[in-house]
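Chain lettering (A, B, C and D) follows the sequence in which the chains are written, and residue indices restart at 1 in each chain.
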Amino acid sequence: MIIVMKRDATGEMVQHAAEKVEKLGLKAHVIQGTERTVIAAIGDKREEMRESFETVAGVSKVVPILAPYKVASREVKPEPTLVKAGSLEVGNGKCGVIAGPCSVESEDQIVQTARSVKAAGATALRGGAFKPRTSPYSFQGLKEEGLKMLATAREETGLAIVTEVVASEDVALVAKYADVLQIGARNMQNYRLLEEVGRVDRAVLLKRGPSATIDELLLAAEYILNEGNSRVMLCERGIRTFESHTRFTLPLATVTYLHQKTHLPVVIDPSHGTGHASLVPDMCVASVAIKADGIIVEVHPEPDEAMSDGYQSLDLPSFTETMTRCRAVANAVGIQCGADV
Amino acid sequence: MIIVMKRDATGEMVQHAAEKVEKLGLKAHVIQGTERTVIAAIGDKREEMRESFETVAGVSKVVPILAPYKVASREVKPEPTLVKAGSLEVGNGKCGVIAGPCSVESEDQIVQTARSVKAAGATALRGGAFKPRTSPYSFQGLKEEGLKMLATAREETGLAIVTEVVASEDVALVAKYADVLQIGARNMQNYRLLEEVGRVDRAVLLKRGPSATIDELLLAAEYILNEGNSRVMLCERGIRTFESHTRFTLPLATVTYLHQKTHLPVVIDPSHGTGHASLVPDMCVASVAIKADGIIVEVHPEPDEAMSDGYQSLDLPSFTETMTRCRAVANAVGIQCGADV
Amino acid sequence: MIIVMKRDATGEMVQHAAEKVEKLGLKAHVIQGTERTVIAAIGDKREEMRESFETVAGVSKVVPILAPYKVASREVKPEPTLVKAGSLEVGNGKCGVIAGPCSVESEDQIVQTARSVKAAGATALRGGAFKPRTSPYSFQGLKEEGLKMLATAREETGLAIVTEVVASEDVALVAKYADVLQIGARNMQNYRLLEEVGRVDRAVLLKRGPSATIDELLLAAEYILNEGNSRVMLCERGIRTFESHTRFTLPLATVTYLHQKTHLPVVIDPSHGTGHASLVPDMCVASVAIKADGIIVEVHPEPDEAMSDGYQSLDLPSFTETMTRCRAVANAVGIQCGADV
Amino acid sequence: MIIVMKRDATGEMVQHAAEKVEKLGLKAHVIQGTERTVIAAIGDKREEMRESFETVAGVSKVVPILAPYKVASREVKPEPTLVKAGSLEVGNGKCGVIAGPCSVESEDQIVQTARSVKAAGATALRGGAFKPRTSPYSFQGLKEEGLKMLATAREETGLAIVTEVVASEDVALVAKYADVLQIGARNMQNYRLLEEVGRVDRAVLLKRGPSATIDELLLAAEYILNEGNSRVMLCERGIRTFESHTRFTLPLATVTYLHQKTHLPVVIDPSHGTGHASLVPDMCVASVAIKADGIIVEVHPEPDEAMSDGYQSLDLPSFTETMTRCRAVANAVGIQCGADV
């Protein structure tokens, strides 16, 4: 890290800060600029001690040099990771397509949807059984009953199941039925939960929190990787900004940036990322155009009647048409998007 | 709610939407404007069904009229709530002062700090035993050992203990030692945890998530209130914005706005809200000037040596001086800030 | 508009507000809900008087029903507008490609770049002669000398010239040399300038301000349209958010949303939208995939030596490769991107 | 500045970058870390060349060490600047109070308001004659006629006049009538206008743009200072964030932070900063508590009838009461707020 001294820092202050660097086992390299003195601290592995310099007398600011994440870093593992979970393949030129309703509402609904999205080219089925809802008065999901319906849908179609787990104590239960455990945006920094999904043999879809930085997202992934689970998919689902014509703002450059920084695959969620069904198809197509490793799309046979998120769900004809557009673009850019139909 | 139809919505679409309103047990009131037709849906209690109208044919947008929270609303309970927890009083003209280190590091450290902050006028001691950290490689707290040290500090000083709980399975343990359970910003929407603290006989300090709206904060409070725990304090700790000269942006108008909307008391956290020790004293003083119901301040005997958050911690002389300034302003505006010294 | 009364508003307050509505020439329609009374004000054309109701006794909030813009609205003119300016065509299935350096630095530089970007498929040349710079100590452009170099480049290549105008008093001068007048993001609400470019016979590229809402952008366009100039192109160049790994956050859903709301064409600026050359090619491709009406890309023969914005400029081989990718995707989605090569 | 090389940068790349540093007249200091090589570039005055390193082969990022502003810096002039303009004093322990309507509407209105705000303790009168409005269909101000009415109000009351100028060609005209030229938030980066007000003998109130960083604000101030006008007041008027319960988010820590970085005085605008009259008084009081150098408050005799901004304007009794509260707090913190009454 680089420690920038204040303009009026005395020689003693510089010496004190340099000694603190050495006491931490690093090498201090003092550089006299024309207006400021800076100290380069060499040898630090992760720069966690950075914060402890910010209050040292005479210090103006401290600048980190290294990224704070390790295992997720492309510098550590340059080749992209392909995550497999049943019928779903995500990464390294495979753009997985996860589709289905926000909530599992009935066996009929989920099985019918599974068949339809499969016919359109989806490679996994999404559906919420445990629903974290902003209001305690909203529908909270069918819980284990819903998980069983998802398992039935898998039996009927062969599609891998992606479903959310909201608490560490539920991980074993959800893992019994699901192929992919989804960590929702609200839980991106629920570290107990991250550690728990890090210990089971299920792939994990980790959603970015709406105000999380990329470093925070990658550090959340490290909590999972660190426990031994290497099948981690990152998911961009939109960030909170001043924009109000969309529910969140979907920054697609995240795909490109993450591909430079990490070997983990990146999935886009245009349903939450825009919050309006009419904006979802274009964002699917754009994701495929830049070789996102997957898309996760809310699809409901009757969005008007959905128990949650109907306003951002595609109906089946729209999803089918979107997939046709996506395949055309995938072809043009040389990747595989979903299953051939 | 108000359902705004599209400009080109047909009479049939309007009728269909109106029928859907009636089917939900509400009364539909159709108004023909010069350019648009709108439907007022009357009788809805909580407007949760709002979302289900956004995809109905011909609907342009749906506008909620009622606030989504109930129990927390000032309309339901006009008089302000005073939360008491041991030595701490927060609300209704009492500005509680919660001070202490980010992390409990040793018995010496916490007891010494407790004595000093009490001498300066604090009415409760904060200190983290379970620390949620962005990086898995950072210090995660002393856990139960830390809780015991906090209990010792309470014995020595009489100060109420405020400490964070990060998982529902830890609630009983933390409640054994603490007077106030803190829900951190990362966990504001960890609903399982909210429900669990709603069921124990401990006051709760609920921090606003860095990108949570005020409605989301109040709905999170409803999760707790709904379980029967009425001792809920809201805490503004800064929001995530484009500003980078502070770690978060601290919107003090939250105090005034929440005082209009809810009877729950509002505490300001200027340490996280600014992220720089040099900005903390002014934000304490400003909070008192607008009659915030409490402040929670990171104080460490040696910020340079702190195991976490040293850069935003006041040392003891600065805290003492800040309290002197706060008392002068509290006097001027007619409230009580902390304990007399 | 809909005027929502407070829960405790008296009958008199309701009557007073309704009378105020009538006094403004609108029809007041009072609706008694179970918890609130609302007043629908019918007949208002543009809802500008909305604000004047917010302080009326008993009023809780006022909800607009109509969009504030008129001439730009798709409701007024459903078919998309195609803007032509010399060699540049933008809109209605034509994705114009505007490329060139941030600043015009010399005749050699601009002519060489013009030739190269034309060879790669660009249909217009960009280049700044008047440069608004954050710091007064930065290079401010070659002014008229730069405009002349641009004109020379047009003579040599036939490419239309797109260049920024920063003050109303410069409009006539810049219009003498340029085919398209660019209004920069900093000047999106410089209304005097907007009015002035509304009065000349030149196409206008209007950039969205980094914190402007879509309504504000369309209202800025109305200032130009209103003066009689209908050749307006809107440009998304990224918004300011908490993200720091990109200079701005580029919300591509703007294209889709604007296509629903306005007939004006939408151009994407991925250079400013990301601030990093390595993210630009993917954002170009994604823009084409969703049928943006144009892209504007910073290209410099030697980005290392550029006098401004080198870090976000493509070099010539990268631009050529990007265009190849864009054409493949344009083909797949059925639009024309730039010129055939 | 510090140039951080990529992990895999070759020795040649390091040498090339170092040579580029030397070519620019700086001294390059190469430091081999355990994982990265960094180059400290010594001798740079303003670091403008920083950007030109970001695309050099092998460079990962470039970190500035010095602030980009000079004349505004507290390092250059440590003692705070007191700006005087007629009856208005702002800075160095004097909290000026600028009050009045958003728009000048009539001579009666402005003179009556001037008398009332003066009686309540205001030390200057605000009022818009040239109004930049988001919509071309909104009231745009009375222009010179309005300026004359302001001058009349000054004759009647002795209050200094603060009014906005929106275009460089209007500066001379506005300066003829006004004591303080206000640069609105939309024009913070209208550099031609900044330069023009830098050349006249009038104090300037420079408002922060809603998405401007502090560095950008100070660089905008430099444009004015640089032309020789040293009477510059900075004004925080709220930033654009995701919050929607206030029109903008008002970050009061700006006062404290700016007091550390610059000698220029800092004025708070709680009317625009919150956008709701009911939040304004508290924000005034909080500003005084942290020794802001001034407040600028919208006051209208009949907010319901105001031609603009009525929803955020205080009526006269509320303003008078707010001033009473402000004086009490000013007393407690040892500054002078407005005039004694």
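In this text, a residue touches a chain if its C-beta (ideal position, glycine included) is under 8 Å from a C-beta of that chain, and two chains touch if they have at least 3 such contacts.
Source: prediction; values computed, not measured.
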| item | value |
| --- | --- |
| Reference interface B-C: repeating pair among A-D, A-B or B-D with over half of contacts shared | A-D |
| Relative orientation of copies chain A and chain B, as a Cα rotation angle in degrees, nearest 5 | 180 |
| Gap in Å, rounded to a whole number, between the CA centres of chain D and chain C | 26 |
| Averaged-CA centre spacing for the pair chain D and chain A, given as whole angstrom | 39 |
| Distance from the mean Cα position of chain C to that of chain A, given in whole angstrom | 31 |
| Where chain D touches two or more other chains at once, by residue number | 211, 239-242, 244 |
| Contacting residues of chain D [partner chain C, same complex] | 20, 46, 48, 51-52, 54-56, 68-70, 132-138, 166-169, 186-187, 189-192, 209-211, 216, 219, 222-223, 226, 239-240, 277, 303-306, 308-311, 313 |
| Footprint of chain B on chain D - complex, ascending | 211, 213-214, 239, 241-246, 249-253, 255-257, 260, 273-274, 278-279, 282-283, 285-290, 325, 328-329, 331-333 |
| Interfacial residue positions of chain B with respect to chain C in the complex | 2, 4, 7, 29, 31-36, 38, 40, 42-45, 63, 65-66, 75, 240-242, 244 |
